[in-house]
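Have a look at the structure that comes next, please.
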Amino acid sequence: MGRTFPLFPQRASTAAGQVDALFFFLVAVSVFFVVLIFGLIAYFSVRYRQRTGHERGEPTRTSIGLEITWTGIPMALTVVMFVWGVKLFFNAYSPPPGAMEVFVVAKQWMWKFQHPEGRREINELHVPLGQPIQLTMISEDVIHDLFVPAFRTKMDVLPGRYSTVWFQATRTGTYHLFCSQYCGTEHSKMGGWVHVMEPADYAKWLSGAGANEPLEVAGARLFTQLGCITCHQPNGTGRGPSLVGAFGRTVKLTTGETLVANEDYVRMMVLTPGVKVVAGYQPIMPTFKGLVSEEGLQQLVAYIKSLGKEEGAKTP
Amino acid sequence: MTTHIVPVRTYVAVFVALLVLLAATVAVNFVSLGELNVLAAMVIAVCKMCLVMLFFMHVRYSGRLIWIYVCIGFYWLAILIALTLGDVLTRAWLRP
Amino acid sequence: MTNAEPVLKLPRENYLNANYGIKSWLLTTDHKRIALLYLVSVTLFFVLGGIYAGLIRLELLTPYGHFVSDESYNKLFTMHGLIMIFFFLIPSIPAVLGNFMLPMMIGARDLAFPRINLASWYIYILGGIFTLTAAVTGGVDTGWTFYTPYSSTYSNTHVITMAAGVFITGFSSIFTGLNFIVTTHKMRVPGLTWFRLPLFVWSIYATSLIMVLGTPVLAISLSLIGLERLFHVGVFNPAMGGDPILFQHLFWFYSHPAVYIMILPAMGVVSEVIPCFARRKIFGYHFVAFSSLAIAVLGFLVWGHHMFVSGQSIYAGMVFSILSFLVAIPSAIKVFNWTATLYKGSVIYRTPMLYSLGFIGLFTIGGLTGLFLATLGIDVHVHDTYFVIAHFHYIMVGGAVMGYMSGLHYWWPKITGRLYPEGWGRLAALIIFIGFNLTFFPQFVLGYLGMPRRYHTYPPEFQVFNVMSSAGASILGIGYLLPLIYLLWSLRYGRVAGPNPWAATGLEWQTTSPPPTDNFSETPAVSDEPYNYYDMEPVPHA
Amino acid sequence: MPEPRTIVAPQFDDAAQQQETSMLGMWVFLATEVMFFGGLFASYTMYRALYAQAFAAASHHLDIVLGTLNTAVLLTSSLTMALAVRSAQVGARRTTATLLVVTMLLGLAFLGIKGVEYYQKYVDHLVPGPSFSFSGANRHDAEMFFYLYFVMTGLHALHMIAGVGVMSVLTILTVRGRFTPAYYNPLEIGGLYWHFVDIVWIFLFPLLYLIGHHT
């Protein structure tokens, strides 16, 4: 944080080293071509400079061989870059199973985080070392972007749709967290810090804020408060389908379409229930738009997810 | 000038064909063909467009350059729609 | 100065003195006069955009945002981007140099539609008036990218006025492009086949294709933003089931190819200047010509690389990544061919040549750093950071503006009939090259360090590089002031150039400088391939 | 017919070059127009893919009879336009003028019918905005359909209005005897524009009125 003069960003995640390796490969290729082109230009323009004022250049002949060479070599190099880049890219957006899920809500101009154990924080994110962390993010207003340079991770945070990114921290410390998608007046102040802690310290930090309610418990309470429970009964006898084990399952809709019940689907069903009704049910569910905040929605998602894990457990 | 004068008969024949196609597209709409309904509607629309362009707009009697510029707009439009749709339709693939 | 040259005189009758008075300029249909109208107006916008840039760099000297407020800073970079892109870079080479030179290079008396050409300028000015209105009444803070839903719902600034300005100016470039396409097809002199065309014409033709096919999509997406702001319903509003990413698709469908609108004409200029001052026919003419068309076509297939982290499908990201690599190939082909042209040439260091050599170097760096951004894994880290800023300034300032300066100096004697002081020209080129690199190279480091773009305040550890950048910007500013002064000076006091001061090939040099209103006293004929420098006289001494 | 009326602008060598040039110019302009509407067609395609059900439901609120009638009106106007150009080619001035007026009237009829449809939508609260109401839970998606409907047909109607303006100028020029079998460029170009606007409608009709089958 002090007045240092860094030339290279810190490396604090499993992805950082991999991204840097590819970066250095591209730097090497670039330096080679820059030296080649600058060198040739300098050499030619000195070696073949006009001396007497009467010389003329030699006639030009087309050389198909040369043209093919300098088309082919760059093309081959770009294929290497492409394949290598795709590998890292897919990795950055495919969270490993079992990652710890932190929910993020972005709004002009702050970041709100909810840990699975229920602790909430603003503009600061505490994470344990060595544990894959999946961020499930949504915006309340415009497009934002969560960027942690030390982790080499970045993902836009959209209104109306969840986006995810994941990382696994490898060094304890405090790192910059930026909003890198322009979002209005205080865009440059919409930042904070990521604190990577030893797992034991993290556990201590979690319990430090007094009694925390795990997210799925908060979600379960909302589920009761909003009256969802009256129709979505765990034994399937209600007017709506039972949500036990529903998350992640492929569902068939009244229209004949099928889709996978993911976070977006859960959110959509709460806000605009009549659009994608599960086959065999009536579109009678009322909308809860305006009655539940983005944080509340994330708690409901967490709750319904937890129902998927343990059959019929955790009834409030 | 070397302009081609199309006989009135041709114009009228094209017009009748257009009206028949119009009737066809409305008629097909009253038959349930599932996904094929969209296809039928679009195929008929493209046929109508070709008739208008080839005869009313004299593309049939025009040089290669005109043909290129007739096609170019549609080609670019196809790029726009195909790549945009490519994004929308594959978004759900990664995260089920 | 030793050999006794004949004393040159300006031609008695030329397009500049054919008639006088303000009306003879404002109602002219002469492509050469319209080019000068554009020259004056784009220069004014360049100065304005430059002032915004100066204020941005001044603010970023310190990390804490001492100088202006958050809101003002956001307006500064928005106006800088909008003015530089839509009112300077896009019209600069096509509407000034292309307008002047295209008909002359193909031996025509004028463009195909002279009145539409004049109308284009008026449309451009009208768009400019809207923009200035938006600027004077408080500015716009959406960023030049107008991302929704910020621009459509949240911003409280004059978005509609500004969008209208860009919309209107868009039609100016559509009509310019249309005019160039038709002129290139239909107005060439007998004997001037496609493979005898100067490469500048090829590149302007490719540019025009992009203008004609891309700009309307920008126009319609800006209209949709306007409608959305007016009626509070629209296609981009997520609260209404709209998808803000759709806007990004439509916007970049134009705005990525727009980068090629800026760089392709500059490449055309370089392809003229390098053979002339290397006294050698261009290497690989067909490859350079077709690479322009390849860039125009492939350039439309890569827009999604601006959206790798936007929530676009990652499979679409993959497709856009490979296509983005593909579009780098024709640019590489050009660079290698220009370099090969120098081999066994007879190189003369005149001002246009210095700018063109600078172009090749800076464009090489800009192009190679483009590969970093096309590489998915790296883009995740550097997207929306100063790395991107540095990259596109290497392309747009190091590339397009260098090319524009090169072309302006190369054709200045043809346009005005007079030579500028060569020593000052070389000095300015050197200052600009140094100032440019000092301004923008540190930004690559800043970007990889993780400094996001559009940041008014930033962590203090980034200050050193920001100070370097601001220092470079002041050198760059001086560099741009010099040509403004000595070019104006040369209008009156410059040495008379004569019809062909560079002993260059090309039809534009076969008429007097400045040319007569009809361009040629008799229609020239072409029976040979271009750039036959082997049979040309040597260049006269400076 | 008076030959001097064949005006060749100074930048051209002869009338043939002038004619080819203006035709090419118009086709390039139409390519631009394709992309101008293209942005809307792309938006439409995307949302129709996302909200297929709602689009079908909303589409059933459009009047298929008026839509079909309007299509027929426009197709007829294209025929009269093509015939007008033809009669100019053979030098039948009066026929040309008459056919142009008929074309113009058909264009106005189209706009009139469109106006009736707009009014019905207004009465039915189907204009997007605060007063929009749509039975069924997918109100937003239906609103999106109607928004696109109004923007697309609105832009088309603007083109029609411009087309009617062009027609009236052409009629005046025809009556004044400005066109001859040797020079009728403006007519031919005006015709291209009119047919293009017709083609846009040929696509708008099935895309907006004929989604999901009717029973």
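For reference, chains read A, B, C and D in written order, and residue numbers begin at 1 within each chain.
By our rule, a contact is a pair of C-beta atoms (placed from the backbone, for glycine too) under 8 Å apart; a residue touches a chain by one contact, two chains touch by 3 or more.
Keep in mind the model is a prediction, meaning the values are calculated, not measured.
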Quick one: point me to the chain whose Cα centre is farthest from that of subunit B. A
Of the chain pairs B-C and A-C, which one is connected by the greater count of C-beta contacts? A-C
CA centre of subunit A versus CA centre of subunit C: separation in Å? 36
Where the centres are mean C-alpha positions, what is the separation of subunit B from subunit D, in Å? 15
Distance from the mean Cα position of subunit D to that of subunit A, given in whole angstrom: 46
Among the residues of subunit D, which ones contact at least 2 other chains? 24, 28, 31-33, 35, 38-39, 42, 46, 50, 140-141
Junction residues of subunit C - those touching two or more other chains: 185, 213, 217, 241, 243, 245-246, 249, 311, 314
Enumerate the residues of subunit B that touch no fewer than two other chains. 65, 72-73, 76, 80, 84, 88-89, 94
Touching subunit B in the complex: which residues of subunit C? 185, 209, 213, 217, 243, 245-246, 249, 253, 300-301, 303-304, 307, 311-316, 319-320
If we count contacts the way the header does, which residues on subunit D are in touch with subunit C in the complex? 9-11, 17, 20-21, 24-25, 28-29, 31-33, 35-40, 42-43, 46-47, 50-51, 128-129, 132, 140-141, 143-144, 147-148, 151
Please output the residues of subunit D touching subunit A within their complex, sorted ascending. 53-54, 136-138, 140-141
Quick check on the complex: what are the subunit C residues that touch subunit D? 108-114, 174, 178-179, 181-182, 185-187, 212-217, 219-221, 224, 227, 231-235, 240-243, 246, 249-250
Show me the residue ranges of subunit B that touch subunit D in the complex, using the header's touch definition. 1-3, 5-6, 8, 11-12, 14-15, 18-19, 22, 25-26, 29-33, 37-38, 41-42, 44-45, 48-49, 52-53, 55-58, 62, 65-66, 69-70, 72-74, 76-77, 80-81, 84-85, 88-89
